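Each of the next two complexes has chain A plus one more chain, namely chain B in the first and chain C in the second.
Here is the complex of A and B:
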């Protein structure tokens, strides 16, 4: 589980990196003279489309045949999902002569289910796709339908409104395989901490590793509270990566990292660096000072829960997650004041997530791809549809703000304690301009952070590296178990003799075949960087 | 007249009872922890951890679990339905197969046994199986998908066959002489004599159906068809996914269910099946040993 978490983390980070990098490339003069590449020319086609208003009508697709579509979303349905979908189908049959059977994978063993849906060739017309659900792998294997020819006709509004860069990120082997959500996000890791305690004890503003240490120390000494009270590995590991500027590749690359953003091809296994040695020695002192408990690796408690009860001070969250946590705490524990330190400040670098971090794709076996695209186009661009399928039924699930732009929950006339809240797995078709809820749960500090992230944003070059580890599968598994057994206690400073432990760790990694994995990652990364036109 | 016990026997009995008592308590403790956990306020679990006797008593978790009672009631209905139907049909088929295979005058007995036995060693794997059920049998999102795939198991057939072998052939012969057909023999003679075997296998199957969530996970898409265990697992799974980094991609308002809710859900889901044990226990022991000796 822990490795999985870490893997996911790495995937995310690298995705973010890659997306921002690509975005930068795209906004520059990325004059692709490869005219056969249809994905390179969406804006021209789109403008052509809008100019010829009358001819567009002639192109209006035929919807005379009634069609029932099957869609799959990744996640859980909301409690009153059926009512919402029934309403949606009413609108759809009037507008597009279509109904949709909306299915949810739920989170139970979702990887297996998702794989089966695609592998068995079931008749699914649209499915959630994402870089963290192996979009690139599936696209490469031909599980999705190429959309280049269909998009301009059947989803014209989406085709013209999604940026070239976003389409590019959804492109594999020159074909577009997904319709990315238009919802740029920055998800740098960071620490939520108790700012009221920092002020109370006159501790320094958190801005680097030293001030973090001073803060943890101050909390421990003055309050007698274990600052990271729960699972602390994520806190420490992400801090290590971020403070060194290490970037993981293609999602989770375990111990393999690029040494910095500026030198993406300088790829190493971090346990063999002197920086790692210095870091784990520092962590040993931190552990001795009692910044976390000695059973932290086996602890199942979230450090955030301890903050709620006043028994902890620090919790690892990515930026939107921190927003959700902080706003939640403002409601449940208004006396606790929290602050947030994003690790992106170590190097003043943020990478947006890839556009295909959340997307919708059409499986190859879809019987009605055209109609499905039309529905998606409507869903993404018609506020009536978008509101219904994102926020539920007006009056029951929300009511409109006075300005008519944002929604209020719970709706007028509904008691807060009876209110369930409508949550749907709408991530795959979110559009920022259509949103009526602010990112990060409406946390007041988020806008400033977002500005900060945008100003230092660079394209995400690492997330697009496609790796399935097939040639080095056994080595990778062995390396992962070595990380679990030797790497994690070392990272947490839970070993009696650090030097000896580092030597053992390195020896075990080599025996597990870390060099084969390294070579594989390097090859894949170089291939991808070549394709992205990086030096 | 009193039967005098020897000293050693008394000591042995005392020790035996003491040991069994301790073991029983050890087995009961985790369950007690779940029950008491479900009655503890959430905040207390976070700050102090689980305790055997809650300091303060709270029904919040059950209120939350039953705030949408339709879902849980539907879950119960589905689970009871598939358990009853699945076990009844499954027992019927298994016992028929066992009867046929136990008859010495059936010519292709060995070949058929081998054919059944082979499937325990080799199988087509998950994806072909999935394709068979969704595409060729077209069972997706039906109750049949919850019942059919686990209806017959090679292991149960073999167990049944071995059990029926212990019934003397002469019974079958005598019935034949009286003019009974094969099905009458099976229904009127063999089945009543196979009580313990049927109870054992029936309990296996009932437990299997009651606890199954995997079929629902793969094949069921409408919420009203979810069995109870799947509902429970769904709650836990969404809590687990929140702890991974996938959560960063999801909406920040996506809240995990409380610890206490998980406990309450576990109590709700396991409750009834626990009461099934005392009723079938006496068959259970006998049936198991018969299978073991012959197997």
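Here is the complex of A and C:
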């Protein structure tokens, strides 16, 4: 017995020492938590008052109570964020008797943090929302506050300026749950590629899968460079979808697609199609030719980084993203000439993004929804506010162009190499008419592309199919796992025996319950198509 | 009842001293246990934390549905057994070597160097691993320059078991060594001196004095780690293997499977269900092993 106590003692003491060492490292975090709690509580008290004041005089918003709001944006703050927010708060307290504590999720693990913010019921007055951040699912589950009654009173300018269609896309079960950004975009996937190499080796103009293959082959043979040097899954998977004309339903990661835009009700799980079989066989040969490396699934590097160093040739981007990448390269590597091939050319079809692709929403737990809407209304419509929160401080982050409409970065008198710039995830409150920079980073080729997209544009009928997968969530979870384990290596042509791998993949999908998921998606899609009045 | 109050009054200082620890466990270990309830509900933002609808065992279905649970449990348990045994044996050995080393300066610096990997984050370990084993990594570059055939590590499952175990052991070695070293220091010098006078050499002393006296610590540490045998080292596996489905057959553990399944569609209920399965399994295991140890050698048992 004595030995036992003694042993326990040694173990405990040494662990305790270790624990205290580690605790010392972590104490910084605790402090920040405390401060955020402390700031949340006074605003809770204030909310009761604002509410009662408002029922009495519904039309004139009462701002006599000082309120501190908590906002969350996705992504990282800018280096001089504190200065910008301080300036913003100065303006806000003068105009609306309000200050805002602006928080950022950062990009690391943003999905988990975002989910937790909403699930834990933390007091948040406004948060970025988006169809790609599960807006429809959260709205359907009741995570956001319905805004129909509040908008006309507290955000009148926004209420009247946002189009009917945009509001419709932010509506779930007849209630508006978000204020969409007013910034129509086309974001088809596509490939950025080294056009100078294409010309140097006399390779064909890129216009379909065969010419892409010829290009990749030419680069590999003549230059000895791995064309897609880094993570290559997005390049290959989006090309597969687009070249087949498949329209994915219910998120970017599933296996359920409509076989074409014209037959939206022909919904299948793509791994079971003969087209998929043919495609992965082709990918096997591509992989063997060395178009990407065999460790591509574990690689963390973006293929675009390799282009910068002359070690790669192809990079997957959506159209505005490609513009930003190309203009960036024109500055940093003027000797490299890039081209862009949007996958929309496979079938001459583009769909505009939904208005809620970027939006701001108010969580159910918000103590000061009314004031939050007033701030957003100001932010979207007052150029002073808009410029500050979109482009930062004039003089240090940008300076006005001679025409007084656009901005110049870096500002006059600042060296390009010392310039950090201001950029936060301000997409949620973006308004096209207020913008002072051109889409796609001002890329010269973008206007022509935009014309092309507009001329072949069709309404986005698929993004409105709302699903929370509640009845089939265990099957869906299992399917997700199977896609990664069997689908991704197959798509990248890494498996030794393609036929066997296809059979295994299909068998595993079926075991995971893919047919239940398919049936559920078909039902939901048909319901949505009926509501949209489609055949 | 009267006895309890008397006890409280008599030892009030002692009870006061233990109060913070009790409070800590109540707040951070017992109160959160209420969350187990989520495993049986469909979470809804409308109802708040406890407003979800009760749905019984539905949240567990995704674990059992596809028939992968057995393979996952097997992988997790086998990895952890390898981790526990190899780590503890090596830590014990290192501690004995260190304690028998004469030079103080050399001993201290060795100990510090061994401890350093403990502070390296798994994200960095993942980067090390990729740069060692990728196509253009250190090992393949070496093979090429020696005129040998390249080896595609990321297409074969075989080497990864060893790589993962190696990095786990490497990372925890210094930490465990310190614990064993502390236990060795508490062995009275008198035993060793008496043995020396009787003519025992260093091996005999280690074999017959140090090792037997360390057995209780060894058993205790193993018992403590057994409780977590179904909890995989998520960061280790995730950072080293990542999204590479080619390697999952031999490297998929419960934690990575759950992450992969739920990352796309966040669900509190199903996440809790998986956690509950792991904890319950660990609980049963530790009770069982403790029971066996108590039968065999009563003094070594945990409770």
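Rule of thumb we're sticking to: the second predicted complex is superposed on the first by the 463 of 535 C-alpha atoms of A that agree within 3 Å, B and C clash if a C-alpha of one lies under 4 Å from a C-alpha of the other, contacts with A are read in each partner's own complex, and residues count from 1 in each chain.
Keep this in mind: a contact is a pair of C-beta atoms (placed from the backbone, for glycine too) under 8 Å apart; a residue touches a chain by one contact, two chains touch by 3 or more.
Note that the coordinates shown come from a computational prediction; the quantities given were computed from them, not determined experimentally.
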Checklist entry - Taking the superposition as given, does A:107 touch the first partner, chain B, the second, chain C, both, or neither? => result first
Next on the checklist: Is A:245 touching anything from chain B or chain C once the two structures are fitted on A? First, second, both or neither.
Outcome noted: neither
Next on the checklist: Looking at A:320, would you say it contacts chain B, chain C, both, or neither? Reply first, second, both or neither.
Outcome noted: first
Checklist entry - Looking at the overlay, does A:121 come into contact with chain B only (first), chain C only (second), both, or neither? => result both
Next on the checklist: Just to be sure I read the superposition right, which of the two partners does A:486 touch: chain B = first, chain C = second, or both, or neither?
Outcome noted: second
Item to check | Which superposed partner A:471 touches (first chain B, second chain C, both, neither) | outcome: neither
Checklist entry - Taking the superposition as given, does A:82 touch the first partner, chain B, the second, chain C, both, or neither? => result first
Next on the checklist: Touch test for A:445: chain B only (first), chain C only (second), both, or neither?
Outcome noted: neither
Item to check | On chain A, positions contacted by chain B and by chain C | outcome: 1, 4, 8, 11, 112, 119, 121
Checklist entry - Tell me, which parts of chain A touch chain C in their complex? => result 1, 3-4, 6-8, 10-11, 13-15, 18, 111-112, 115, 118-119, 121, 134, 137-138, 141-143, 251, 253-254, 293-295, 297-300, 364, 469-470, 473-478, 480-482, 484-489, 494-495, 508, 511-513
Next on the checklist: Please output the residues of chain A touching chain B within their complex, sorted ascending.
Outcome noted: 1, 4-5, 8-9, 11-12, 75-77, 79, 81-82, 101, 103-104, 106-110, 112-113, 116, 119-122, 130, 132, 185, 187, 301-302, 305-306, 308-309, 311, 318, 320-321, 323-325, 327-328, 353, 357-358, 420-421, 423, 425, 427, 439-441
Item to check | Parts of chain C lying in touch with chain A, wherever the complex brings them together | outcome: 42-46, 48-49, 58-59, 61-62, 65-68, 127, 130, 133-136, 152-155, 175, 178-179, 182-183, 186, 213, 216-217, 220-221, 241-246, 248, 252, 257, 260-268, 270, 299-300
Next on the checklist: For the complex, give me every residue of chain B touching chain A.
Outcome noted: 43, 46-47, 67-68, 71, 126-127, 130-131, 134-135, 140, 213-214, 217-218, 221, 223, 230, 233-234, 237-238, 240-241, 243-255
